[in-house]
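Consider the two complexes below, in which chain A is the common component and chain B and chain C are the respective partners.
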Partner chain A sequence: MRLLTYNFLQCPKTKTFPLILEPTQVETIETEYNKEFILRMIPRLDWNLVRQVSRQFAFGELPQVAPKESTEDEETFRLLHKMLLETHIKEGVLKSQDGTIYPIKDGIPNMLITQVNDE
Partner chain B sequence: MSRPEYLAPPEIYYDDQQAKKYLTNTRINEVQRSLTERALELLCLRPNQKSLLLDLGCGSGLSGDVITEEGHEWVGFDISQAMLDTASSRDVEGDLVLLDLGQGLPLRTGIFDGAISVSAIQWLCNADKTSYEPRKRMSSFFNSLYACLIRGSRAVLQFYPDSSDQVDLLLTAAQKAGFSGGLVVDFPNSTRAKKFFLCLTAGPPSSSLATNDKRVNNYETSKGKKRNNGISLRSKILAKKERQRRQGREVRPDSKYTGRKRSGKLR
Partner chain C sequence: MQLWQIEELLADLKTFENPNIFWEQYTTPPHIAAFLVQIAENSFGDLKGKLVADLGCGTGMLCAAMHYFGANSIVGIDVDESALAIAKVNTIQCGLPVELLQSNITELPFNSAVFDTVVMNPPFGTRRKGIDVVFLEKAIEIVYPGGSIYSLHKTCTRSYLYRKILQRKCEGEVLGKFIFNLSKTFAFHRMESMDIEVDLWRLKRKK
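Entry: the complex of A and B
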């Protein structure tokens, strides 16, 4: 799971956002840089979470306000690309605020409600 | 061939063996590909733009491959661990999430540019567990799908209904969630090649997407069009005039009075 998708996920049971991400294995897979796509994703992202993730994964501090098309800050866009589209969470857990744990195995988060309860 | 929906719940039916079948069987491969291509065509995405799509019931990621080839990003949901494992072993480009569609999609609002689904949503009609209420599951699925799509974007869901009742059930559930749109049937005269696509639009179509619309209108929709879904008389008249202009007919120019009612004096 890439960090882009993580930014979109909420708890399936309580509908709370964000989920707390605790990775144990992270992998970087390079992809083609596409600034236009990043620009289109920015308004859909929860910027606070992006900044928090950036700190958590030691990507450095991001500006307080999300960059716009007019922002001439190529470095930030490159960083966002690397962070959101190239960083994959291979193993770890997603934690909801009510304590439910959704495990991530082999890059696939398990968001099934019943199965999580059964275990 | 008996319908797999009658045999077992999807998370059990699509086991390692089935997953392998999807990977090696060229016929399944071909069918999945062509269905995905058709679904993408019906999505009417903006050309030359990388879009973010949802693949509902992505399985082993065959449909995802087509999305990647078309140059889009995708996130896939499926209930079968075996199928997802196959997908991840093939190193598909999209993100995979293990999820039961009937529990609703755990996504924030206004994220995706479109959604496709190949042969998945008929499973929603089944009550595989005693706690399952198909109607409820359908409504939580369609409601959450509606929410996570960007207004005016589309969802094209190909499925295999086992009766016209199922079609009605799914259509009603989709319309209750706020979707407009209807059913597109490809090859309606052939029993084998006949394919059903539920083509849904989330909210009022945005003007940017409207340019592509005429393509879908050419296809026969078997269900009647939805009534006047918030579309003003003026926009209808403007569209009609535009159409007639294209046909080369003489049409009065558009003005601010177009589509207005006459004032009382003249009546």
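Entry: the complex of A and C
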């Protein structure tokens, strides 16, 4: 799971957002930089959460206001690319406020809330 | 790469070992997967540089097809752990830029409409009546205004789906029809193989 996806996740049971992310294994996988993609994602993100994640993962302090197309701040766009698209959570847990734990194993978060009946 | 080359790569993917009847697990035939994604990218530019979701990704056939047509941000979602385990093997072996997530499609964990494009081959609803429409409704919920949905549905549901779609914030059209050959996957299939007519739909969420 990339940090981009984490930024979009809410608890499927209580609908609370955000979930608390406690990683135990993190991996960086490089990918081609695409500023246009980052710009398109910014309006879909909760900027306060992005700033918090940046601190949690030691990427440093992000500006208070989300950058726009006209913002001449290449450094911030590069940082967002590295953080959101190249940082993968391999192992860890996602926690909801009601105490529900969603485990992340081998990079796959398990967001199931009801036992699936496959009979 | 040529279409036939992509079909060959897709034919090499690992597929279901013990398909689950209830979830109507069958693999999208490689030529249909390749055709679908070819239209999505070459006619509409809906894959390259886009954030794409595959609802009910199974073993990752459509995810892989999308990758070969330029998608590099794909999230494959499925309820079944064993399908995801096979999808994981496929993503590693083929070096696919695919993230996998385990979730029930009826209880998706996204906080808003975040995807540019949704591509899926949902269950036809033969085991659970109406599940095909539920998949469409969920896809509409998670696709960003202006985004597109590609989905395969039995041709016999076409007029029903047109009416359903008209009630929602999207436009829909059938791009083509396929003959889907389901080989005898499950015990309840009486015939060795069965041809069913399937429509490829494209829905566009209004801005």
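In this section, the second predicted complex is superposed on the first by the 114 of 119 C-alpha atoms of A that agree within 3 Å, B and C clash if a C-alpha of one lies under 4 Å from a C-alpha of the other, contacts with A are read in each partner's own complex, and residues count from 1 in each chain.
In this section, a contact is a pair of C-beta atoms (placed from the backbone, for glycine too) under 8 Å apart; a residue touches a chain by one contact, two chains touch by 3 or more.
It should be emphasised that the depicted structure is a prediction, and the values quoted were computed from it without experimental measurement.
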Margin query: After the superposition on A, what does A:D106 contact: first (chain B), second (chain C), both or neither?
Written below: both
Next item on the list: Using the touch definition from the top, say if A:Q97 reaches chain B (first), chain C (second), both or neither.
Entry: neither
Note to self: For A:N48 in the superposed arrangement: first (chain B), second (chain C), both or neither?
What the structure shows: neither
Check: If you count the residues of chain A that each partner touches, which comes out higher, chain B or chain C?
Finding: C
Next item on the list: Could you look at A:F17 and tell me whether it touches chain B, chain C, both or neither (first, second, both, neither)?
Entry: both
Check: Can A:F8 be said to touch chain B (first), chain C (second), both, or neither?
Finding: both
Next item on the list: Based on the superposed arrangement, let me know which partner A:F37 touches: chain B (first), chain C (second), both, or neither?
Entry: both
Item checked: Contact residues common to both interfaces of chain A (with chain B and with chain C) -> 1-2, 4-5, 8-12, 17, 34, 36-37, 40-41, 44, 46, 85, 106-114
Notebook entry, point to check: Which part of chain A faces chain C closely enough to touch in the complex?
Noted result: 1-2, 4-5, 8-13, 17-18, 31-32, 34, 36-37, 40-41, 44, 46, 85, 88, 106-114, 116-119
Notebook entry, point to check: Where on chain C does chain A make contact in their complex?
Noted result: 20, 22-23, 49, 51, 72-73, 75, 79-81, 84, 88, 97, 99-104, 107-114, 116, 144
Check: For chain A, which residues count as touching chain B in their complex?
Finding: 1-2, 4-5, 8-12, 15, 17, 34, 36-37, 40-41, 44, 46, 85, 106-114
Note to self: Give the list of chain B residues in touch with chain A in this complex.
What the structure shows: 49-50, 52, 73, 75, 79, 81, 84-85, 88, 95-100, 103-108, 110-111, 148
